[in-house]
Amino acid sequence: MRNKEEKAKGALHYYLQSTSGIVGAVLVLVMIIVAICSIFGITPYDPVEQHIENILQGPSAHFWFGTDEFGRDVFSRTLEGMRRSLTVSITAVTLAATLGVPFGILAGYIGKWFDQLVTRVSDVFFAFPAILLALAIVASLGNDWYDTALAIGVVYTPIFIRVARGPVLTVKEMDYIKISRVLGFSSFRILRKHVFPNVFAPIVVQIALSLSWAILTESGLSFLGLGTQPPTPSLGLMVSEAQPLAAFAWWTLVFPSLFITIVVVGLNLVGDGLRDALDPARRSS
Amino acid sequence: MAIAASVSIISGSLIAAGPAQAASKDLNIGLTLDIDNLDPQRATSFATVRALGLVYGSLVEVGPKLDIRSGLARSWGFNAEGTQLRLHLRKGVKFQDGSAFDALDVKASLERILDPATKAAARANILTIKSIRAAGYEVTLELTIPNVAILAALDGVNMAMLSSDDIKEGNVGKTVNGTGPFKYVSWEPGQSVKLTANTTYWGGKPKLDTVTFRVIPTEASIISALNAGTIQFSVITSPLVAKQAGSNLKVYKTPGLAYVALQLNAKVAPFDKLGVRLAIQCAVSRAEVVKTASSGEGAVIGPITSPAYASNPKSRPCPNVDLVKAKQYLTDAGYPNGLTFKTMVAPTQFATASGTAQSLKSQLAKAGITMEIDAVDDSTFISRWLAGNFGSSVANNGGRIDPDTMYTRYFTSTGNLNKVAGYSSVTLDANFAKGKSSGSDSDRKAAYTAISNELEDNAVWIWLFSPYEYRVATKNVTGFIPLATGSLIELRKVDLK
Amino acid sequence: MNFRRIMKYPGVSRTLSVLTTLFGISVFVFLVLRVIPGDSITGAFGIETGALSPQQIAELRVYYGIDQSLFMQYISWMQSFLSGKFGFAYSTGVSVATLTKSSLPVTIELAIIGTVLGVILGIAIGMFSAKKPGSTRDFAGQLFGLLALAIPGFVLSTGIVTIMANKFHYFPNGYEYMTPWENPWMNFQQMMFPGLVLGIAVAAPVMRTTRSALLETVDKDFVRTAHGKGVPNNTVQLRHILRNSLIPIVTMTGIQFGYLLGGAVIVEKIFALPGMGRQILDAIMKREYATVQSSIMIFAIMFVLINVATDIIYRKIDPRIKK
C-alpha cells in the first residue's frame, strides 16, 4: 500500500499530464489573483465611485474597460465582481459539501431507514426550484452576500449527498468490507481507511463543478434581482444592469460576461484534470 | 448592410405567413405587466389603470394642459359657498352592452365608491359628499364642507361610471361594460387584453379598429418588438431604455406628476432629529441624482408637482448642495462624527429605484453619512412600509393635478397613510383644510405654498425629482397626445398610417 | 396481509417513496411561502393596503382564506389541489388549473425542444470529437462544450434578441404567442431561439458525457471483436458503442429535462413566452399562495415521474442491473 505522500505525488503527476487540467488551473489562478487584488484594494479606482463627467465612455487609457451609466470604472468593478462571485460560490459550495458529504456517507453506510430518510429529504430539496428558495431566504434573512450563498448552498447540498452516497453503496458490498465488519473493526476505521478514499475523488471533482455552477447560479439570481444588490458589483448584476445599455455601450456587457465565461471554463477544466488525476479507471483514456 | 436588408425581407415574408394585417387598423401595445383585475374602481396597478382607462369613462377628464375638461359631464357649477356641485350630463351615451347612461348610473357609481365594502381606491378623495340627488341627466352633490377640489377628484379610471344594473347584479369586476372609446373583448391572463373600437363613442368613432395590450416582460424586449414592428406602441419607464429607442421610433416624452423621494420616518431615530433631516437635505444634489439615476432625464421638484400649485424647488433651506451646512446640522444634532442608517429600497419597484439609492449613498458619504442600502422585493417593501417599519426608504409615488388628493392622506393627522409619512402638525392640518374648502384660487395657492414650505423647512422627506413619462411608438402611429397623468385616453384620436 | 408482504409487491415501495417525497415538497413549499414577509392582501393592493380599515382587512383575510390557522389553510389547499382545481388565482379571476392549462404546454414544449436539440447536438458533437481523440476536431468539439456551458443563458438570449430585433427587425416573440395547433409556423418561430438557447445549455453536458462514454467503450473487447470481424467502422460506432454508452446519456438527459422544466424562467421572461416559469415568478411576487404552491407541486410531480421513467429505461437498456 502506497502511503499518502506517494499517492498525492502520483495524483499531482497525473494532473500535470492533463492539458485541460493545466489550462484550467492557469485560468482559475488568474481569476483568483484578480479577486485577491480586489480584496487588498489594488484596483485602479474604487468600484463604487462615480465619475460623473465620464459616464458611458468606451475603453480608454484611463478606464481600461470603459465606464458604466454611473461613471464607474468597469475594470475595477469587474475585479470586485469576480471577488464577490468567487466568495459567494466558495461559501455556498463549502456549505453544501460540509452538509452533504457527511450525510451522504452516513446514509450510504448505515443504510435502512436512515438512508431512506436522507434520500427523501434530499429529493425534496432537489425538486424544489432554486429561485423560490433563494427568494424566501433572501426575503426573510436579507440580501447580503452570505444570504445568497446560503440559498445556493442549500440548493446544492442534495448533489453532494448523492455524490458521496453512491461510492459508499458500492464499496459497502465489497468483500473486504464485509470481512472487516465481521472481524470487528470499528465503523470509524472502516470509513476512514476504505470508504473515504473512494469517495474523495468524486467529491473533489464535484466541488470544482459545483463552484462553476454556483457562479452561474449567482449571476442568474442577480439577473433576476434576487442576488447581490447594487451598488456592490457582482458579475451577474453587472450583466443585468448592462441589458438596456448593450446596444450602445457594449463594454458594459462584454467584459463581465467574458470573466464569467473564463472562470467557469477554468473550473470545469480543473474538474476534468482532477478526474483524470484521481480516478484510476480514467487514466487509461 | 445588404445582408441585413435581405434578412429583413426574408424574415418579413416569414412573419407574413402569420395572421394577415391587411386593411384593419390594429394597434398593439407592449407592457411589462399584465392587468390584475377588471374592476376600474379598484384598479391601482400600472397596466390595469391604462387598459381599463380606455374602456371606462369618468365625469370629467384632465386635458393635455392639465386643465379639467368635460367627460361624461358636459358642464357643471358650484354654488356660491362651494358646498354644492351640480353636474349636467351628456345625453345619448351608451354603455358597451347598449344600455343608456344617465344620472342614476352616476349616483350608483359614486355610492359604490363611497361604500367601504368596495375598497375603492379613490374613496378617500370624495368623502366630503354628504348626499347625491340624481334625476334624468342632472346630478347634484351636497358636500359636508366647501370643497372645490373635489372636481379634480372626479377624473380618472378609479372614478369610472358604471351601469347601475351591473352594480345591482354584482357584475362589476366579472364582466366589463363601460362608456369608453374602446370595448372590452377578452383577457388572456399573463398574455394579452383585447379591445375593439366603440363605434358609438360620444367623442367620435376611433380611427383604430382594435387595440391589444400585450405582456412583454422586459422593457428591452419591448424596444426590440417595436423595432421589429410586431407592436406599434408602448409605455416605457426606464430612461435608459427610452434612450435606446432608435431614430426609427417616435418617443413621446412628457413631464410627469409622479415624484421620487427619500422618505424619512420622523418617528424613528435618528430621523426624529430635525438637524439630521436637514443635514441630509443639504448634502444631496438633486441635479446629480437626475444625471446618474435617471440618465439626465427628469425635473428637479419640490413636494407639490401639480402644475397649478407647483412648489418652487429653490424654496428650501439648501437649494444647492452645502456640505458645510450639512456637517453643521449634524454636529448640532449630536452627530459630530457622522452617522449610519439603513434605507429600504425595492429595486424592481420602479426603473430608477436602485440608481437613486446608489446616487444618494455616494453623495451622503461626502458629508460623513453612511447610508446602507437595504434592498427588498416589492411585497416585502410594501408590508414593511405600511407598518411604518422603516427609518427611510426610496419611493416613487404618484402625483395628482390637485395637491389635495395628492397629499391629504399622507400629511394630515387623520390621513390613512400618516403613519407611514411619520409627520403631521397643527399648521399642516389647518392649511390642508383651507386648501380643500376654499373657493378662491389665490387662497388655495397660499395654503399649498405654506404646506410646501413647511414640508421643506422641516425636511420631512427629501424630494428629489420627477421622472418623465415615456411612450414609444412606431412612426406610423399619428395623432397621439401624451398626458402627464399617464392616461392613454388620447388613443381614441390615433390613426395608423 | 402484513406490511412486509405488501412492500414486496413490485412498485409499491417505489410509489410510497414518491408519495412521501411529494408530501414533503408540499409542506415545504407551503411553509416557505408563509415565512416571506407580505401576504395576499399586500400583494393585491400594494400601498393602497394602507387605505383599508381594520374591518376591511378582516374581511379580506376571510376572502383570501388567510384568516384560518396554517393547518386549515394547508388542508383546504390540498383539497382544492386533489380535486383538480388547484386553488384560485385571485388576481386573474380564474382557477390555477385554468391558468396552468395554457401555461404548462408552453413550458413542456420548450423543455422538449431544448432537450431534443441539446441531445442531438450533444451526441453529434460528442461523436465528432471522440472519433479522433486529441485531434483538432476533438479540441474544437471540447471547446464548444466548454463555451456552451460557460456562457450564461441570459447573455445569449439578450444577445440574440438585440441582434435579431434591432439589426434584422425580426422578433417573432413580439407577436402574440401561438400554440402549435393554432399556427404551427408562428409557434415554431417563437420557440426556435429560446429552444436553441436551452438546447445549447443541454448540449454541453450531453456532449461531454457522450464523448467520455464513447472513449471508454471503444477499448472494450466486444468492439475489438467487431472490428476484427470486419464490421464497418460507422456501424461499429453507432450500433455497438453508442448503445452501450446510452446509459449515462439517458441519465443525463433525464436530469436535464427535469431541470429545464423548472429552470427556463429567464428565457421565458426575455422571449415573452407565457409559460409556467413566469407564472410561478409572477405569483411569488404577488404572494399568490395557491398559484405558487400548486404550480410547484405540478413541477415536482413531473420531475419525479421523469426520474421514475428514466430509471425504467435505464433498467431496460442495461441488463446488468439487478431488478
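Order of writing sets the chain letters: A, B and C. Residues in each chain are counted from 1.
One rule holds for everything that comes next: a contact is a pair of C-beta atoms (placed from the backbone, for glycine too) under 8 Å apart; a residue touches a chain by one contact, two chains touch by 3 or more.
Keep in mind the model is a prediction, meaning the values are calculated, not measured.
Q: If you tally contacting C-beta pairs, which comes out ahead, A-C or A-B? Let me know.
A: A-C
Q: Kindly work out which chain lies most centrally, taking the average of its C-alpha atoms as its position.
A: If we average C-alpha coordinates per chain, C lands closest to the whole-structure average.
Q: Taking mean CA positions as centres, which chain lies farthest from subunit A?
A: B
Q: Between subunit B and subunit C, tell me the centre distance in angstrom, where each centre is the average of that chain's C-alpha atoms.
A: Centre separation, subunit B to subunit C: 39 Å.
Q: Which integer distance in Å separates the CA centroid of subunit A from that of subunit B?
A: Measuring from centre to centre gives 45 Å for this pair.
Q: Where the CA atoms of subunit A average out and where those of subunit C average out, how many Å apart are those spots?
A: Computed from C-alpha means, the inter-chain centre distance equals 22 Å.
Q: Where in subunit B do residues touch two or more of the other chains?
A: 218, 220, 348, 376-377, 380 - these are the residues of subunit B that touch more than one other chain.
Q: Of all residues in subunit C, which are in touch with two or more distinct other chains?
A: 36-38, 158, 162, 166
Q: Two or more other chains in contact with one residue: find those residues in subunit A.
A: 135, 139, 243, 246-247
Q: Given the complex with subunit A, which residues does subunit B contribute to the contact?
A: Where subunit B meets subunit A, its residues are 218-220, 238, 240-241, 244, 288, 291-292, 295, 347-348, 354-355, 357-359, 361-362, 373-377, 380.
Q: Across the complex, what residues on subunit A touch subunit C?
A: So the residues of subunit A in touch with subunit C come to 20, 116, 119-121, 123-124, 127-133, 135-136, 139-140, 212, 216, 219-220, 223-224, 236, 239-240, 243, 246-247, 253, 257, 260-262, 264-265, 268-269, 284-285.
Q: Could you pull out which subunit A residues touch subunit B in their complex?
A: 48-50, 52, 55, 69-71, 135, 138-139, 142-143, 225-226, 229-231, 243-248
Q: For subunit C, which residues are in contact with subunit A within the complex?
A: Subunit C residues touching subunit A: 17, 20-21, 24-25, 28-29, 32-33, 35-38, 133, 142, 146-147, 149-155, 158-159, 162, 166, 212, 215-216, 219, 258, 262-263, 265-266, 280-281, 284, 292, 296, 299-300, 303-304.
Q: Considering only the defined contacts, which subunit B positions touch subunit C in the complex?
A: 4, 7-8, 11-12, 14-15, 17-19, 30, 34, 36-38, 44-45, 116-117, 119, 121, 123-124, 173-174, 188-192, 212, 214-218, 220-221, 223-225, 227-231, 246, 348, 376-380, 382-386, 409, 416-417, 419-420
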